[in-house]
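These are the structures in question, set out in turn.
In the two complexes below, subunit A is the common chain; its partner is subunit B in one and subunit C in the other.
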Partner chain A sequence: MDDGPFIKVDSVTKRYNMGHSTVNALNGMDLEIEEGEMVAIMGPSGSGKTTLLNMIGGLDSPDSGTIHIKGMEISSLNEGQRAQFRKNNVGFIFQFFNLIPSLTALENVLVPVMFDKDPPFERGVQLLERMGLKDRMGHIPGKLSGGERQRVAIARALINDPMLILADEPTGNIDSETAREIVSLFKELNDEGKTMLLATHDRIVAGRARSMIKVRDGHVVKGKAHSRSGMVHLSDEEKVKKKKRVVKG
Partner chain B sequence: MDRPMFNPATYSMSHLVKERTRSLTMIVTISLTVAFLLLTSSLLFGVINEIGTSEKQGLLQGSIPGSIDMFETFQLDSELSERARNSLINYLMITSLIVFLVAFFIMYNTMAIAVKERRKEIGILRAVGFSTGEILKIFLVEGAMIGMISWIAALFLGTPFIVNLAAYLIERGDGGIFFVQPVIPPQLIAISLAVTLGLSLGSTYMAIIKPIRSSPVALMRTRI
Partner chain C sequence: MEKRSTSLRSISRKERASANRNVRFGPITYISRDVWRNRSRTIMSLSSIAALSFLFVLFMSMDQGFSDFFEDDIGVPSDEQKELYEVKGVMENWVYLISALCMALMVLVVANTGIITVLERKQELATLRAIGISLPKVATLVAGSLSIILYGGILIGTLLGMACIPILDRVNVSLFSDGIGFPFSFDPSTIVLSLLIGTGAGLLGSSLPLFILTQSSPLEVLRDG
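Showing the complex of A and B:
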């Protein structure tokens, strides 16, 4: 349908009113990500990582600029259309897992398909088995460890077989050993063709991603150059620096 | 592993069970309200029924030739009873309305607190792709379940209680509020169901409609 990049973020701005002050969460963000990439988004707290993920995942809409996912402009969708887009195309993984405490692990995995005529129960079971939670399916989140909860959240994110997985600090609330296992799982999913965006502070997580971008003050300040296609993703700032070097030369 | 029953109805049910104290509060509130409304309505029907019967008897007596005095007395009684009936009907209706509004207020507040505590859950549901309509459906199913349980409780516990208490007090000769025999016609049962569902669904809708339209990001940021 479209030969352009899988994700195209074009001059996106987002401001939040925090009491009497206004915070510029995204400040003319430009970004392009190819299909099948595994990109780590790094940056200090408040740099705009989470806001960027929320925009790409259709959880929020930009004040200005456009976001295209596989050629579809999601920034202009209304709330109902965005909900449908999220359900069919995006799997979210959060730092604090965001599981529903009263439901069992299996029920949490099946939540996104609850209204389906024939919910894919077997798929839910298979996903939990894959996550190593075969014996924990009937447990509520309160009875699971942090790592197990995150695995349930990953299984939930995969229940609709989304093309895009967005993880916001996925290892921020688990021990380093479990974090390594979770990242290995992400690598597996990426090898299966899922496009993955990971917002993280963790250098180990970022180091295992195929590409890395650094975000500061609401825009990309550095893009590391190794994508599958061999295409180099450079931020605007780097493009300007490169241009200056060429001019000087 | 057995295939679990997991659909919006079981989801709502699991919440009602988990929040059983709150659910019970709402059920008791609605049950008492409906039982009270049934009581006032049954008395209303009782008054209408009794006056209707006495009017028929009076007309029969008044139509006997040569009994003009009797007829005049009946007319006077009839005017008095008409006024008494109207004021009684007004009293019962105003009392019922006040009770209904108080119950609605209690229900709305209880539901609003429940929704506030579940803002994060609503945010999660929105994040995984639920539309506002689907979330509204979940909450309305919960409201309807509370309404139905309350109605059944009011009907099967409240109605026999009213009838038996009335029979006992009237037989004892001191009817108290049961100055007439209460009458519960079939249409009153249907009306009570509509009132109960109106009370539970209306208060649920009012409590949920604003939060579910909030941004999923803002909802998930809620700290409980």
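Showing the complex of A and C:
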């Protein structure tokens, strides 16, 4: 149907004005990601990981440069079109879960489809069952643990069966044991064909992705171990070795 | 690529049916949950609106009572009645003033409630937008909550007024020291007028909060909370 990569970020810049100074959050960012990838995005705080995910997810638009998802240029969409794009194509997972406190787990999962003519109620139930939250469907987020909340958020991200899942520090607010479970779940989703992008500081999380990019000062860092696009592929046997190299390099 | 997840644990048809019966989730549920969760704010705003529409109904019925009184009257007015005609004119001016005041105060209550809503729930509203609910639909949700407060308040205030008017008419509150009775009479058109005034106040009062909403970005979703 379309040639070219699934995600193509082409010389994207984004500046934020902070009073007198401006911050270059993205600085000539180039990136290509294939469909079905599971990419960890690493880099120091303030390097532009979140900004990058927001751009790819159509939450924000670049000052210059273009972003194509499946051949569609999303960087030039207006706010209404971007909302539509987000709803149909992107599943967002946030560090602070961002569940609606007054709604039950099941209702939270159904929020993205609440205005639909024929909302997929049953799918919401099934997704929560899959997340192991069968007994928690009627609980409000305040009565759920961090890991449970994040799993509700994952179910919500999946309700429209998006092709792309964007997770910004998905394990930033949960203990490492639960984080491991969440990452296993991500891997499972990736095996089912979802393209996953995870911004993370957690090396254990990043190490379980298929590939990894490093971001610094708003662009992708390219080292010896990196492919043309700056991506390091973490094949199972070389994972440990390469991870060391990337972390050092 | 697999379309739908197949690795779902199988559950019995009975279980699924019972789960389905409990799920009825749409904008109405969302709005009612919101109104209930913020019930202290809801009660405050709703009771203010109710008080204002009660006042409005009361004054309208005073005016109506006066009109009825003069309709019954035939013949050459006595001095006492002349005095009453003057009072009637003053009364009518008061009714217009009070209606305008009620409307202005209702605008204030709606605007106040709406602004608190969009500021306090900035992150929640941004989340809705981030996960793909369009701005007009999010605005509908906010307007829905405000409508419940507004029309709920008008309903309570009007019903309360309707209940009080026969009592007040019987007690015949005396305004003047010489003991001239003060008639009250409720006219059903007051309900329509209340609703019209309320709707006007709602439209005016919600415009600022909805404007604030349009100026905020779905990126607010990233602020922790």
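We take it that the second predicted complex is superposed on the first by the 221 of 249 C-alpha atoms of A that agree within 3 Å, B and C clash if a C-alpha of one lies under 4 Å from a C-alpha of the other, contacts with A are read in each partner's own complex, and residues count from 1 in each chain.
Here, contacts are C-beta pairs under 8 Å (C-beta built on N, C-alpha and C of every residue); 3 or more make two chains touch, one makes a residue touch a chain.
Quantities reported herein were computed from a predicted structural model and do not represent experimental measurements.
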If subunit A is used to align the two complexes, do subunit B and subunit C fit next to each other or clash?
clash
Mind working out whether A:Arg130 is in touch with subunit B, subunit C, both or neither, as first, second, both or neither?
second
State whether A:Lys87 touches subunit B only (first), subunit C only (second), both chains, or neither.
both
Touch count on subunit A, higher of subunit B and subunit C
C
For A:Pro112, select first, second, both or neither according to whether it touches subunit B, subunit C, the two together, or no partner.
both
Between subunit B (first) and subunit C (second), which, if any, makes contact with A:Gly19: first, second, both or neither?
neither
Check the residue A:Gly142 against both partner chains and state whether it touches subunit B (first), subunit C (second), both, or neither.
neither
If you stack the two complexes on chain A, which partner ends up touching A:Gly36: first (subunit B), second (subunit C), both, or neither?
second
Once the two structures are fitted together, what part of subunit A is touched by subunit B and by subunit C alike?
54, 59-60, 79-80, 83-84, 86-88, 90, 92, 94, 98, 100, 102-103, 106-107, 110-112, 114-115, 119, 121, 125, 137, 156, 160
Parts of subunit C lying in touch with subunit A, wherever the complex brings them together:
1-5, 7-9, 11, 16, 19-20, 22-23, 25-27, 29-30, 33-34, 36-37, 123-124, 127-135, 137, 217-219, 221-222, 224-225
Residues of subunit B touching subunit A in the complex
1, 3-4, 6-8, 11, 14-15, 18, 120-121, 123-134, 215-217, 220
Any idea which subunit A residues touch subunit C in the complex?
35-36, 50, 54, 59-60, 79-80, 83-84, 86-88, 90, 92, 94-96, 98, 100-103, 106-107, 110-112, 114-115, 119, 121-127, 129-130, 137-138, 156-158, 160-161, 168, 188, 192-193
Residues on subunit A engaged by subunit B in the complex (per definition of touch)
54, 59-60, 79-80, 83-84, 86-88, 90, 92, 94, 98-100, 102-104, 106-107, 110-112, 114-115, 119, 121, 125, 137, 156, 160
